[in-house]
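Here chain A shows up in two complexes: once beside chain B, once beside chain C.
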Partner chain A sequence: MSVKYTPVQWNANKYGYDLVLIGMVVLYILSFLNVAPMFLDHARPTDGPIVRARAFGTCAFLLLTIILCIGPLARLDARFLPLLYNRRHFGVLTSVIALSHAMFVMDWYFNFAPQSKLEGLLGANTSYGQVLGFPFEVLGLAGLICLGILAATSHDFWLNFLTPRLWKALHFLIYPAFAAVVGHIALGSLQSQDNSIFAIVVGLSTALVCGLHALAAWKERGCDKRGNADAGWIIVGDAGDIEEGRAKIIKLPNGDRVAVFRHKARLSAIANACAHQNGPLGEGRIVDGCVTCPWHGFQYRVADGRSPAPFTEMVPTYRLKLDQTTVLVDPNANEPGMFVEPTALPEHMQ
Partner chain B sequence: MGTVSNVLMFAEWWLYFGAAVAFYFLTVGIERIDENARGAYVFRPLLIPGVLLIWPLVLWRIAVLERNKPEGFGRYRPLRTAHGYVWLVLFFAIPAIFVTAMLLKQTWPADIPAVRLSPAEAVSQ
Partner chain C sequence: MSGSKKDPFFVGYLSVPEGLKLFLIATVALLLGCFAALALTIGGTQDDPGDGAFRFDWGRQTLIGILEASPYPIVHVTKGTKRIPTGSTVLLSGNGKRGVQSRTTPLDGELVEISGVAIKRGNIEMLQLRGGRNGIKKVAGSVQMPSSKLLGRWRLSGEICDGKCFTGTMRPGRRLSHKACANLCLINGAPPIFVSSAPVNGTRFFLLVNSEGEALDNKFFHHVAQFISLEGTVEKRGNLHLLKADLSSLKRVP
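Entry: the complex of A and B
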């Protein structure tokens, strides 16, 4: 979204995504409010605010788990890419639900404290030196602050202002946030429950998130081919291996990845990282003459790495040459947006 | 309560400074460093919570962008070095927290069978 900060990219898919998301959250919370009290195993009926706090708390945890699973799932199977498309709205909704959980808790447990609610929350238990009895509320607060930062900086302005690199670094806060939330639940709610269903759900969710990340990293490691050098140029491979409208990704000695595209029997190379959120351009395809990022649909002309007007995003380009049918790339990146004449394939390969 | 009060006072002042930075940034600063923001006003209130929370980072970025120096290829390079830290959190910290909490969990006193401590004849009621 580089052309003014107006909602130019809102479309039926995004509206549909958000409607389904909000519908599922409402359904979950209503179900929890009506069904969970029957399984809470309390001697007396549980108060409404406690059940509401639990409904929103469990909902936030499940949403956080799903958010963390979307990334690796999309790396493992392209059919999950549509979930990635609007993941930021998922994140904002999660932080709102987590905040609602915190408000219910504060309004119930600290409403009549002589000091402010926050002071009551932070001062009620200060046993930081022990595991059992650790002030788990602080872990929840830490997770909530992390989620708040992520939600507050989710607008595309922040990506452009902070740079994708710094924005991504900031958004890696999702991992300590998840760790804090797991600690908050394990040292809090799970310590006081006889019923082990929720402990099993938390354990399985944690294992799922960790397992999917490990699988995705394993797959990426297997696909990551490092190009061999030939007199300063890096060997990409045989030109015949690159499908029309698709790319081959190669890793340079400095760790950067280059996507070599074939379009209309000519080859061009651009950086593999999208200027928007560093999505893998080389896993996208050419649509209407432009490389299209598989994550959010940002487009770049293949010869100069520039987004078509009126958009202004750019990525670095690379020079290519052919040695018979072997494609070689110059590892020195050109300035972002610099035109490089595409390399024509030999006639017998066209 | 002294420490807690100090932490809350720090948070309060953090937000006051953030509000001052947000006022400057969203009225004057943003137009100086981002030409796409010129004439676009509706989205600006959406940025207020972000500025309140990360205002030191905002001030630093304003200073960098005001210098008008090209930022080089760093802007286009994905952050791969952070993956090690993600591994540390996912595969060490989170399982350690969960497993430790479950191992140390105490059973409820109600689960323990009742043991008579005093002989029945010694109990008056």
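Entry: the complex of A and C
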């Protein structure tokens, strides 16, 4: 949370996160370039630029795979949420590694010709009408452009400039990027190797990404209770089911989700989507009296949905009422930041 | 720090909850271990790029021979070196992805001196010529062009490669990941080589030309780097084998 833009709001966790990221990349590249050749069953060397292109390309693919696994993993097990916290740096690093791969390729395969490198890249192979022999380089280029857009717009400035909704939609480009990269590998590298190790790695990675997303969607669907209506009010459930400092999420008929929090024996309801990146507020906790988003720690006062001063973020609030111990929510959202008196629980539940 | 030890809740700008520390340390160790293992596994199982290479270790090669400029420039060596003996037939190329047709066409059928660095893979040899007249010039004398020998009609399975990269400029310089590079070489005048999966007359490498014995047209480029079969006449010119292939006979081999 910040009231002004800074390049990076560093803290100890971000330093640690980035250190691990850089450690992974350095370990991978050094192992690939310097240690792995000792295990080859032949002595004839592959050209250095090709080995470097392979090292950086495979590294970028593995990083992209992990990035795509973090989201569903965090949905399935909240212990993975710390991996999500600084995922933007993960994405930026991945796009830099992918760009390095592209530069090694351009400087080797498309260099030394009378044509420009770009002309060579786009014009040398025009077999678009066939699967085998398809110019797979353009798929890699498409993936690289997507990753570049994501990296360039990763800062909160763009999040606010584009609005969270548009920014989020734009950042779904990560999926076409992954599809393009898998296609790029499948029609290029995998068609050119006798050894099937990398094919197995790519297959398992793709299955992992798809499987985790399917599992997370299945879990979310199972948890996504649509509230029953009662004279215009929506039944949330029994107040006793809501733990202190936590929330119950309910889906309204219009598709919006509401998080009903219990704090100091009183109930309050706010929109489930964080104003920052639409993170699931209802999966967060109340910390220091404020609802705290599990993704990046943005905070909102539970009664009025406003971030504590000097921050200015706001989310819509909802009215609640109790019918004995049954909690009901008015499906009509209040303006973001509008105060709603918390609903006190009956004495026997306090 | 927030959340209980049993039910920790991570907030990025606060210290990591005690209950999460062990889990995160294990996750980091797993990620680092997996990355190292994958780097060794993927990097340690790269295919053999073959025995083609620039032979800088041979030093500059200067040869005399008779130039056959069409369909692709070759020289039948009449005065060779220790490395490239008399009787060899060498393919010619310029620097990088460049042919030498502009320099060889005026000298077709002449006795020439050629100079450059050798590239060799198996029994196929290429000379990357030095620039201008340092690379190729007419010399006095006359020698008869070696006769051709027809070796019959064959259907061969294999791959169309560019003669420059395949011979050793790039390692590896074949298969689909190299297709665009190969096409770029061919567009710029490098000789196409058909690499057969089975030998004919002791060789698996054939200079590929069309059925009329002329340079390939662009239609062939769609099939470069794929496993295909072609039917055509095999001919031996000097020490080099040609495959005069009929494009209509081309089949993709699964």
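Here is the rule we go by: the second predicted complex is superposed on the first by the 335 of 350 C-alpha atoms of A that agree within 3 Å, B and C clash if a C-alpha of one lies under 4 Å from a C-alpha of the other, contacts with A are read in each partner's own complex, and residues count from 1 in each chain.
Here, contacts are C-beta pairs under 8 Å (C-beta built on N, C-alpha and C of every residue); 3 or more make two chains touch, one makes a residue touch a chain.
Every value quoted in this text rests on a predicted model; they were computed, and no experiment measured them.
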{"item": "Which superposed partner A:Tyr300 touches (first chain B, second chain C, both, neither)", "value": "neither"}
{"item": "Contacts of A:Val20 with chain B and chain C, given as first, second, both or neither", "value": "second"}
{"item": "Touched partner set for A:Leu187, first chain B, second chain C, both or neither", "value": "both"}
{"item": "Partner chain in contact with A:Ile197 - chain B first, chain C second, else both or neither", "value": "second"}
{"item": "First (chain B), second (chain C), both or neither touched by A:Tyr109", "value": "second"}
{"item": "Contacts of A:Asp256 with chain B and chain C, given as first, second, both or neither", "value": "first"}
{"item": "Chain B versus chain C as contact partner of A:Phe90, first or second or both or neither", "value": "neither"}
{"item": "Partner chain in contact with A:Leu132 - chain B first, chain C second, else both or neither", "value": "both"}
{"item": "Chain A residues contacted in one complex by chain B, in the other by chain C", "value": "115, 132, 187, 191, 194"}
{"item": "List of chain C residues in touch with chain A within their complex", "value": "2-3, 8-16, 20, 23-24, 27-28, 31-32, 35-36, 38-51, 95-98, 170-172, 175-181, 183-185, 187-188, 221-226, 252"}
{"item": "Chain A-facing residues of chain B, complex", "value": "1, 3-5, 7-8, 33-34, 36-37, 39-40, 42-43, 46-47, 49-50, 52-54, 57-58, 61, 65, 71, 73-80, 82-83, 85-87, 89-91, 93-95, 97-98, 100-102, 104-106, 108, 111"}
{"item": "Residue numbers on chain A that touch chain C, as the complex places them", "value": "9, 11-14, 20, 23-24, 27-29, 31-33, 35-42, 44-47, 50-51, 54-55, 58-59, 62, 66, 78-83, 85-86, 108-115, 120-121, 124-125, 127, 130, 132-133, 135-137, 187-189, 191-195, 197-198, 201, 284-285, 287, 292, 294, 296-297"}
{"item": "Chain B-facing residues of chain A, complex", "value": "2-6, 115-116, 118-119, 122-123, 126, 131-132, 145, 148-149, 151-153, 155, 157-158, 160-166, 168-170, 172, 175-176, 178-179, 182-183, 186-187, 190-191, 194, 199, 202-203, 206, 209-210, 213-214, 217, 255-256, 271, 273, 275, 278, 312, 315-316, 333, 336"}
